[in-house]
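The following block contains the structure, expressed as structure tokens.
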Amino acid sequence: MEQLTQDYLRTKKLPHIWCPGCGNGIVTAALVRAIERTGYDQSEVVIVSGIGCSSRAAGYLNFNTLHTTHGRALAFATGLKMARPELKLFVIMGDGDCSAIGGNHFIHAARRNIDLNAVIINNHIYGMTGGQHSPLTPTGMKATTAPGGTLERAFDLLELARGAGATFGARGNAAQPRQLEQLILRAANHKGFSVLEALSPCPIAYGRRNKLGGAVEMLREMKDSAVSMEKASGMEPEELEGKTLSGVIFSTEAPEFSEEYYRSIGKA
Amino acid sequence: MAETKPVLMQGNEACAEGAISAGVRFYAGYPITPSTEIAEHMAARLPDLGGVFIQMEDEIASMAAVIGASIGGMRTLTATSGPGFSLKQENLGYAIMAEIPCVVVNVQRMGPSTGVPTAPAQGDVMQARWGTHGDHPIIVFSPASVYETFYLTIAAVNLSQKLRQPVIMLLDEVIGHMREKVMIPEAGKLLVEKSSDNIPADWKPYDEKGLTPLVPFGFGHYYHVTGLFHDQYGFPTGDPTQVERALDRIHGKLEKYRDEIVLTNYIGHKEPRVVIITYGCTVRSARAVVKKAYWQNRLPVGLLSLQTIWPFPGKEVAAIAKQADVIIVPEMNMGQIVGEVERYACGNAEVVPLNRYDGEMMSPDQISELLGRWL
Amino acid sequence: MSRVVNTEITADLLINQDWCKGCGICIAFCPREALFLDEKGKAEKNNEKCTCCGICETFCPDFALTVVKRRLSADGGDKAGFNARQ
Amino acid sequence: MSNRQEILLTGAGGQGLILASIVLAEAAVNDNKNVVQTQSYGPEARGGASMAGVIIDVDTIEYPKVTKPSVLLCMNQASFNKYIPKVEPGCTIIVDSTFVSGPYREDYKINALPITQAAREQLGREVVANMLALGAINAATGLVDREIFRESIFKLAPKGSGELNQKAFDLGYRLYNEGMGQNLGISSQTPQ
Amino acid sequence: MEQLTQDYLRTKKLPHIWCPGCGNGIVTAALVRAIERTGYDQSEVVIVSGIGCSSRAAGYLNFNTLHTTHGRALAFATGLKMARPELKLFVIMGDGDCSAIGGNHFIHAARRNIDLNAVIINNHIYGMTGGQHSPLTPTGMKATTAPGGTLERAFDLLELARGAGATFGARGNAAQPRQLEQLILRAANHKGFSVLEALSPCPIAYGRRNKLGGAVEMLREMKDSAVSMEKASGMEPEELEGKTLSGVIFSTEAPEFSEEYYRSIGKA
Amino acid sequence: MAETKPVLMQGNEACAEGAISAGVRFYAGYPITPSTEIAEHMAARLPDLGGVFIQMEDEIASMAAVIGASIGGMRTLTATSGPGFSLKQENLGYAIMAEIPCVVVNVQRMGPSTGVPTAPAQGDVMQARWGTHGDHPIIVFSPASVYETFYLTIAAVNLSQKLRQPVIMLLDEVIGHMREKVMIPEAGKLLVEKSSDNIPADWKPYDEKGLTPLVPFGFGHYYHVTGLFHDQYGFPTGDPTQVERALDRIHGKLEKYRDEIVLTNYIGHKEPRVVIITYGCTVRSARAVVKKAYWQNRLPVGLLSLQTIWPFPGKEVAAIAKQADVIIVPEMNMGQIVGEVERYACGNAEVVPLNRYDGEMMSPDQISELLGRWL
Amino acid sequence: MSRVVNTEITADLLINQDWCKGCGICIAFCPREALFLDEKGKAEKNNEKCTCCGICETFCPDFALTVVKRRLSADGGDKAGFNARQ
Amino acid sequence: MSNRQEILLTGAGGQGLILASIVLAEAAVNDNKNVVQTQSYGPEARGGASMAGVIIDVDTIEYPKVTKPSVLLCMNQASFNKYIPKVEPGCTIIVDSTFVSGPYREDYKINALPITQAAREQLGREVVANMLALGAINAATGLVDREIFRESIFKLAPKGSGELNQKAFDLGYRLYNEGMGQNLGISSQTPQ
């Protein structure tokens, strides 16, 4: 990581503000490795993020970085991509950022199939504001705004994306960082809107309140419950209970929006 | 500027055409009466110019997309009306904080809330100044004709680029929807003032030294853009000294270039007893009155019309208050700019509001009736 | 420092203790039990055990661990920072 | 403001009045006059009443709204009922007798012409009734040079329909001139 | 319809503002018939709507009626339903209202499975503002903001709802008003969030620009292209090309949110 | 009111508890620093009281849900901070237009934009007045202590119900986050003022005659609620006479009950030469200064603290301007309320702004230093 | 008026011309071709042809058409407004 | 303002200082004093420095922020370095020598006590170091009646931990009293 760290991280800004054991750093490192593997030039890569612990990643990444408003990262990114289709945009969001306040921009980016690489760091909680439930908090789990456990149903983020017309959806986790890197790379190579859900531990605002142990225990549990798509296809429904599918969940093709646009005006 | 053949043009169209003349090549918006023609005109024009028109999912996204495109180096515009303007406020504040140029058009309609969507009003004057949270500077133009709409939009785009500051075009429904004869420059004679292309080697995105051009993303300057308070390099800081300095700097820009920004126009008597101060379409009614009273009847009256309403032309108003006995402030609202006039008149002249807020345009008769009381 | 020497490549695990927050993740996931927390609560390694496999590097949330591979160059010197991952 | 001409075109949505006002305004521009065109929208953009105003002047036009129409066109009964009481007797009034059945007050000079009927019957297309009305208005007032007006119509008409629209305009002239004798507040046509 | 009209329509406000041939009236009539058949008392029924031509229906319906802001009807309705779970809420939205500006509230109402009956009048266009494309305008169709035809992909509204976790989705159209009435009734009887997409002609802002003929032609085309779920199951993919599925597209069960909430606080 | 055992309470908690005491049983919100504790407290308390706590998908939905629940007959509250307050503006305008009671809390943080999320500032004072489009009335309270937060929230709920008008609690981060000893009434002694349950037979939802209670949905009154201008029955109208009358009526409510709404407090010398006018947490610093200057040193100074900032206490300020030579207006922003003070001082007293905008609280030292210049 | 008389029920199609906007939908969808636009552009019916089937009622976007069924009551009078649909 | 006592508790996030400040404030309330408690948040809620202030007075408390601490607690080196230069010599200073290694300036009265170490070694739980610190502070200052303080601790402690926390508080007293002799600006403990 040394050279990568030097090149792609703003080392002067480190150590970062994340809590000890926070998965954001693991996902960010995987992202950096994947970006390097895409072969894009550093100056072509843009990191856009919203607001949240996870979105703070933008500040540590040594590219063109745009830390926007809560929930709106994809809308900012859509404008930028349409203005400069040659740039490669990664959009980092938290689960709340992406699926609560940002839900509308998420489904519309999926519908347009605009070539943005959404990386959602799903820690199942609003980390930055101290632990309120998010639309991805599993039913029954505790949060400061659900002291008895949330009654709400959670989105399946990738099913939501699929329903909205997304053409690529994958799920990885911080406990399998090499696989995660690989999935980010595949998402980045997909033409059109890609959704990469990265499960990540928040030991402070989620793990502690739900008695899930520390970061290590949370990672272990994450690893244990992950089942790859290939493996899952051979498993019984009962066996899959409590498991989480990982890998590329779906991948199809459709016209990419910025390309279609520039073609329509005779510029591509 | 070479002016050519007169054409009939709608106010909203003039806004779009002005923007295009000033180099705007990116429009993101969400339709809403009475601003929709701006979007529709852009949808028809931009593709042929190699530009981007995109209809976003809502006004929040439109504002965001415009900022994103500006960071990509395009000149951008978005248009909306009251309800959409309320929705744009959060991201408008972001553009101010991150110093991203863009022009936001609000073609006002009768509010509050859904109000009367097709009726004219000047109800968003104070919102344009104070609509987003936190202390922030803002530039707001209010044209009184199709012609002014065209040229003020050009000024808005260029000032926005130069100062890296969002500029608001606050149109009246009357102005946006009416068609007038205007003279505009020949096609091709673009009025684009380019912000410097020579970026100094030691370029910093938020250089404390003063105005510094935006280097679009993709040119190897790996800087950070954020809505948090930040240092010269764009990185977050909560340090009180830096916070204060940042606020001073973004407000300071507008003070420093005040004379380029603040546009007003006085017509009438040199030593007026009664002066009308107004803006937007109300200027039209006031001008009809003053023309008659002063040019025809030589009465000691005058009209100060404000093309720029924010930053407020306080100096100009204060000067008039020292001359005149009475200042009449006609507005198509319950009294908004009049508060500023009172503030700057500072007791030196009697300030009389004249308000109409029934969804109809202020008429010359209303103004001359009031004027008659002092003449 | 641990050195796995083959004909051409030596490798090193560098630990940046300034960035380490002592979360213990690397320790838990090192297949060799080669890591531990020192008395200041920072990660430290046991040179004997570490094989420079790089697993801990991918797990560290604080970018504090780096496996560096050095290829012995023709003139016998080290080319530091050569990055073997693709 | 002595030269100020205020033309008010009224009727129902769908009768093409706003387009007519734009064509009139465009013609005035081409005739080197100052002009302002406005329209009023109902609470919604759909159905209901439609109203457009054009102000033509050689001077600069300040107040852009029509207050004292010098010309009034009423294309349906509702607008006739609404606007007639608002104009002054000197106003040139043209009504489409296809839809308006009076009452034609004696104190007004009202030209009741079967505008839509003529468009339908003589040109085969109701949609050009608006241009026909413009012809009648210009015949009555000479607001704009006739040839310039015709050219403007051609320019603004949808592709391929330029001549038809010009024909409608000319028919408006004819209708007006034929109807000249009946400016008595009473229509010669029995409205249907 | 006489008695129904007298009871359930605000006859003093008629004739309505909609254009001749507009499908909004057909859908509204079907809704009224369906509401009568639910057996709910008039005073228990609430109509909530957003802003748009279609949303103006609320003003003509003689119930408790709430005409909200553009896109936010479901959010207002969520508050009202949580405060008064005994009320029966129908939420009328246009395609733009529901899926453009209102997309986020739509997916979250679906996720929560709150007992609201969403009736989306899909005329494939922004009618009220004069014909801009909506997220449900099919690719290639013209609109004032897409003079050359829109390049954007459209949502499949029911797939979006399903992806978001909705438990009931049905599609009817104004050309089959009896079936539509029946579907609204079934949606109303479903416990939890139900989505009823009613295809409806807008001859003025959509049909005219796209040369689809008048209201009658648009209705005929609508009827011709509708294929019921039952029929579709026996058809080849090629036969289904250009057809639109109608009927109940999906229906499952899940805990209803307001009931869960009141149960959790010991009040149900 | 029977006050009992003193307790230690946080400002945000006092706001939540005050609301509960005033009968609020519905909370919808979206978390944001520094207001989140209000939501968290409500999440913990409301279920046990049979009330509803719901975390919505964003601030727009939260505002909408609160209005919906109010129409259902519940007393409601939502809380947020700057960025969320900007997002709530459109629907806040709806509540004003449709006259739906609700209380909106904005615990201010340093802006604009994301700013410094944890730092105190009083930057949203003007936004609270003018944030939504169109002319609209608004009531805004600004407490200076945990105790005031509790009681002003109760007043906010009751006034909101009585006037069918949203009320804004504009808290400072300092007030929201600090803990103080307060005396609050025993549990069970609710401070709910009931709006009448006897609905007259000829009830109209927007009766022109004056205040008329809201009849919740579900009681057989099939009326219409809309954000469009509407007649007495709630049905849309664009008729100019009715539009004007509607605006007069919603603004008139606040004028009529002005004395119930406008709360201020003067301490200090009877014939002061210098008066400090301020609000929110800045009152604390000012009071420290005035106590010393007046009570200890008998200097001719005074302090007018504003619990109500909107409608602005113009009468009170005007009266003081006639007495004092100098009015000092300390604010934790770049100058917002000072504009109103200047307006009402009307040249009768010198108005001196004192601004701090670095994300730190105004200190007594700053104020006394400035005060020293005139004493 | 058209009357389909069986032992107990008579039915009527009522047309509210004030609400009719002349869109022609009812005409197009009436299975009996029983409807037409009158000279004012409003829907009118041909009594001979109409069977009071009620189809047009469900199609009219303007609530202008109503099939009313009247059941002959015991005392021979009409009970207007009886609504036969469920 | 003569009775105003300003207590500043400083250290790292996670050391329980904010909770300690609340407990102290609660105790003061129960002891019938006026009290204001505040805390400063970093740019984010996570990690980093932590600081809480408590002001106790018999008078009404106006300005709620600590400016001239009469008591300063430093629970780590960073806070020690930051705050020591800001206090006046009269201030009662208690530092956790577990983490703070000086330098202890001669002109300050510094009580360097092995707070966390004692909590860990003598009570088996580092987390109660904050209550231990409160004990030391109260021993040094007598801000609140000791018994009332103990009761308040019991009331606010998480279920089942009341006694442990009281023990920690008492241990703080002992530690302070044992360390009495070393108020010389030099710690008797060698920090590790």
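For reference, chains read A, B, C, D, E, F, G and H in written order, and residue numbers begin at 1 within each chain.
Note that in this section a contact is a pair of C-beta atoms (placed from the backbone, for glycine too) under 8 Å apart; a residue touches a chain by one contact, two chains touch by 3 or more.
Predicted model only: the values in this text are computed from it and were never measured.
J.: Shortest hop count from subunit B to subunit F along touching chains?
T.: When the steps are counted carefully, the minimum from subunit B to subunit F is 1.
J.: Provide the labels of all chains in contact with subunit F and in contact with subunit G.
T.: Both subunit F and subunit G are touched by E, going by the contact rule given at the top.
J.: Roughly how far is subunit A from subunit G, going centre to centre by Cα mean, in whole Å?
T.: About 60 Å, centre to centre.
J.: With centres defined as the mean C-alpha position, give me the subunit A-subunit E separation in Å.
T.: Taking the average C-alpha coordinate of subunit A and of subunit E, the gap between them is 33 Å.
J.: How many Å are there between the centre of subunit D and the centre of subunit E, using C-alpha atoms for each centre?
T.: Between these chains, centre-to-centre, one finds 42 Å.
J.: Centre to centre, by mean C-alpha position, how many angstrom separate subunit G and subunit H?
T.: The answer is 87 Å.
J.: Could you pull out the residues of subunit H that touch at least 2 other chains?
T.: 42-45
J.: What parts of subunit F, by residue number, touch at least two of the other chains?
T.: If we look for residues of subunit F contacting two or more partner chains, we find 33, 47, 57-58, 60, 83, 90, 94, 113-114, 116-118, 226-228, 236, 238.
J.: Which stretch or stretches of subunit F touch subunit A in the complex?
T.: So the residues of subunit F touching subunit A come out as 30-33, 36, 39-40, 43-44, 47, 53, 55, 57-59, 83, 113-114.
J.: Could you pull out which subunit D residues touch subunit B in their complex?
T.: Those in contact with subunit B are residues 1, 22, 25-26, 28-29, 32-45, 61-65, 67.
J.: Contact residues on subunit F for subunit E in the complex?
T.: 26, 28, 47-48, 50, 52, 54, 56-58, 60-61, 64-74, 76, 90-91, 94, 216-228, 235-236
J.: With touch defined as at the start, can you tell me which subunit E residues reach subunit B in the complex?
T.: Against subunit B, the touching part of subunit E is residues 51, 69-71, 100-101, 103, 126, 128-130, 132-133, 135, 144-148.
J.: Per the contact definition, I'd like the list of subunit A residues that touch subunit C in the complex.
T.: Per the stated touch rule, the residues are 1-6, 9, 14-16, 18-26, 29-30, 33, 37, 174, 177-178, 181, 214-216, 219-220.
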